[in-house]
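Below is one structure, written out as structure tokens; the observations come after it.
Order of writing sets the labels: A, B, C and D. Residues in every chain begin at 1.
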Amino acid sequence: MIITRKDMTVELVRSDALDEHVIFAAKVSTLGEQTQLLETKNDISDEKFINFLMKNRHGSPFEHNSMTFFIQAPIFVFREFHRHRVGWSYNEESGRYTQLSPVFYLPSEGRNLVQIGKAGSYDFIPGSYDQYQDTQALLLDSYDKSYHTYLTLLEKGIAREIARACLPVAIYSSMYATCNARSLMNFLSLRTKHANSSFPSYPQREIEMVAEKMEEAWAQLMPITHRKFTENGRIAP
Amino acid sequence: MIITRKDMTVELVRSDALDEHVIFAAKVSTLGEQTQLLETKNDISDEKFINFLMKNRHGSPFEHNSMTFFIQAPIFVFREFHRHRVGWSYNEESGRYTQLSPVFYLPSEGRNLVQIGKAGSYDFIPGSYDQYQDTQALLLDSYDKSYHTYLTLLEKGIAREIARACLPVAIYSSMYATCNARSLMNFLSLRTKHANSSFPSYPQREIEMVAEKMEEAWAQLMPITHRKFTENGRIAP
Amino acid sequence: MIITRKDMTVELVRSDALDEHVIFAAKVSTLGEQTQLLETKNDISDEKFINFLMKNRHGSPFEHNSMTFFIQAPIFVFREFHRHRVGWSYNEESGRYTQLSPVFYLPSEGRNLVQIGKAGSYDFIPGSYDQYQDTQALLLDSYDKSYHTYLTLLEKGIAREIARACLPVAIYSSMYATCNARSLMNFLSLRTKHANSSFPSYPQREIEMVAEKMEEAWAQLMPITHRKFTENGRIAP
Amino acid sequence: MIITRKDMTVELVRSDALDEHVIFAAKVSTLGEQTQLLETKNDISDEKFINFLMKNRHGSPFEHNSMTFFIQAPIFVFREFHRHRVGWSYNEESGRYTQLSPVFYLPSEGRNLVQIGKAGSYDFIPGSYDQYQDTQALLLDSYDKSYHTYLTLLEKGIAREIARACLPVAIYSSMYATCNARSLMNFLSLRTKHANSSFPSYPQREIEMVAEKMEEAWAQLMPITHRKFTENGRIAP
């Protein structure tokens, strides 16, 4: 009855986001109406200009663009995601209005299972084969029982919003999330771990898996902005 | 092992929020620096003035105040809560950094269990005694099993952030939430069901329980603002 | 030397904003991943669905879209504009980095010049021909003198950011402004005066001129959303 | 008739902002409801803890506090100020509802008048005595003429909102501004120039004068947070 997944769905549904949108918006401060006449080519000077904006933390020019993603991930990932308030719009599947599907997250073999170090700067190591096996078996069994309870309650006529109380935070949900390059950079700076980061972050691996896919899609849309973000310490300007 | 609760904790930790703060902020638009000299008494004219602001949707004067609440509620309530982005600040207990306590939500006898009507304007009715008993028993048993799995995984050395995957959305969490009168009114207009509302809302009962307690605390701090909010259709200005 | 204008520039530079974006985002709450399979046609049911969202104040589905405008208007208009904080991004011409052009606002003959009524619900009437003539002549002369002082200071080597101190709030500036349908509706509800409004607004005519042009462009992109906004009292959901 | 000023008014009207508020909010993530029992003393460990939050860019704990300022400054300063959207609330004197007072900004002798260097990293030097004298005389004369035009238009029965069109951006206005430590730090990092800044900013001196007074008031309320902000490069966490 139970379906398990070890990955996340991230689809770029729509976008209106190019490097040149950053340049046009920024140049209005010095060119006024003449920005309308700019012919922008992605040449070296665009690269330098975006680098200047990123390095000096001129953030607002990075807001005049838009990306809408369709994301499927466990509820515990969405819980972290929704803490990003500024420059983000969300619409999510509702356990009040629909019967949730029995799709749950199980960590893959590659997921480090054991946490070492101390609060604030944890690190993670693989764990033994037994630990991996136990995790798979115990979680699967627990998901199965919880979902069975959910169905039983629904069959007894209990409202979905109450029956769902027993469902685990590993159940998958779906949402549309819309952001701009600035709010996305803020998200990425906190939700990915990267050698270039001036300020190291320690995201939970599962939200990082979502973030990595979003970053990949964004890097194709705005390659210069993405490159300059990473070269300048991965801090949102 | 399991503790169940049927209520929510809402404590007003700190506040700097009075009706006269609204008046001072609003009067700067007509009095400029002379607002500094205003002697404000909560007399009839204050009442009229706040009514004017509320009725005509002058919202910004209601923002110059602050309330910090300590809240304990199930995760499914916090999930809805955190969708309020503007004028809200949150810090919540983390399942990554702490072992979550075995406290879970069970609906009280008074909680309507059966949903009727159609999407968008559901209504709820009590349900039979059997339905109540089944809900209690099934949820309790499910919580117990899930929490047992959680503990077993922790004992096997699995990281908290993975072990928690099996915990249900009915588990209680704690948070500090800070807002102002305007963002609180927005929250209340959507998360309470009230005869005076111009735009009827259909909140889940559990978040409404939190909202009601917050409203009660706020009404004592800013009685005129609260009264005018309700008299004017409970729409955030 | 002085150029005067009596109108505002509003150009829709880019957009990714259709009625169906609202529908897709909203339906994820009931359909989850199946929204991806929706075939949306602008038929009667879309109309009903958007009406339902608008009427019941489900606001978030209206955020998953984006419009970028290029706007030229006097500084006193931008001053009001920039008070809209949520869901708006701005980049404006800078008087620190450029020499501002001598373009100033003069009210047209059609602009009501005389204010009657009392604070909070002013009304405006045309004024006499003499009043119109005096306004034109006095403002023009004042603009001319102020701009002359500005140029003199620049010639004397004074920094632009200081020299501009004497420039009047009627001087035109340029900006890019990016918003979504929800933040635009909020702007329109406060910055236009309309017979259908549940809550009457009293915007200054000049920002209303900008708002009207923005509304016109938006109505072409999202005709159903626009119609339902007006039919439901022109309150942002 | 004209009054000139060379300084800014910044008064801390109210506050609910202490270092320990940061600590309580942050500790809920690890202590849950036990934060309620914390006895916080401003000892060395508080210092270390706030340093940890600042250094690792844990920003949200710095939001659960509130400061309301009364500010008087020229319009060109408020124009820059209002571009700060997140975590800021504003109510300002309105030129539509009141007759503006003839108070204008004139740079003091200490204000550097001449700009050198290139866009993006300008520097300023004093200028000659003649330049100072000319600036004073020319600006004063221009203000005087503009304000005279304003009064003449008002006498002729023209509405305030039109008559003000000729008033210069150097005229003083009054506002209430409410923020929290996080939004204030963001403001300070961009609107002050400081040797400790990781990312140098080039604010206009006049908004920096406002920022410095706000910083001074804030530093007394939250001395540890302020110190750690500066020690960690003056970037808002």
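Quick notes
The working rule: contacts are C-beta pairs under 8 Å (C-beta built on N, C-alpha and C of every residue); 3 or more make two chains touch, one makes a residue touch a chain.
What you see is a predicted model; the values in this text were computed from it and never measured.
Shared contact partners of chain C and chain D, listed by label: A, B.
Of the two chain pairs examined here, A-D and A-B, the one linked by more C-beta pairs in contact is A-B.
Interface note: chain B and chain C, two copies of one sequence, contact each other through mostly matching residue numbers (shared numbers exceed half of all numbers used). Work out the mean CA point of chain A and of chain D, and you get 34 Å between them. Rounded to a whole number, the gap between the C-alpha centres of chain A and chain B is 26 angstrom. Across the assembly, chain B contributes residues 30, 60, 83, 86, 90, 97, 119 that each touch 2 or more other chains. Within the complex formed with chain A, the residues of chain B that make contact are 74-76, 78-79, 82-83, 85-86, 88, 90, 95-97, 104-105, 107, 111-115, 119, 122, 124, 127, 131, 134-135, 138-139, 141-143, 145-146, 149, 152-153, 156-162, 164-170, 204. Listed in rising order, the residues of chain A touching chain C in the complex are 9, 11, 13-16, 21, 24-26, 28-33, 35-36, 60-61, 63-66, 68, 70, 72, 89-94, 97-98, 101, 173-176, 178, 180.
Of all residues in chain D, those touching chain A in their complex are 30, 52, 55-57, 60, 83, 86, 119-120, 190, 199-201, 235.
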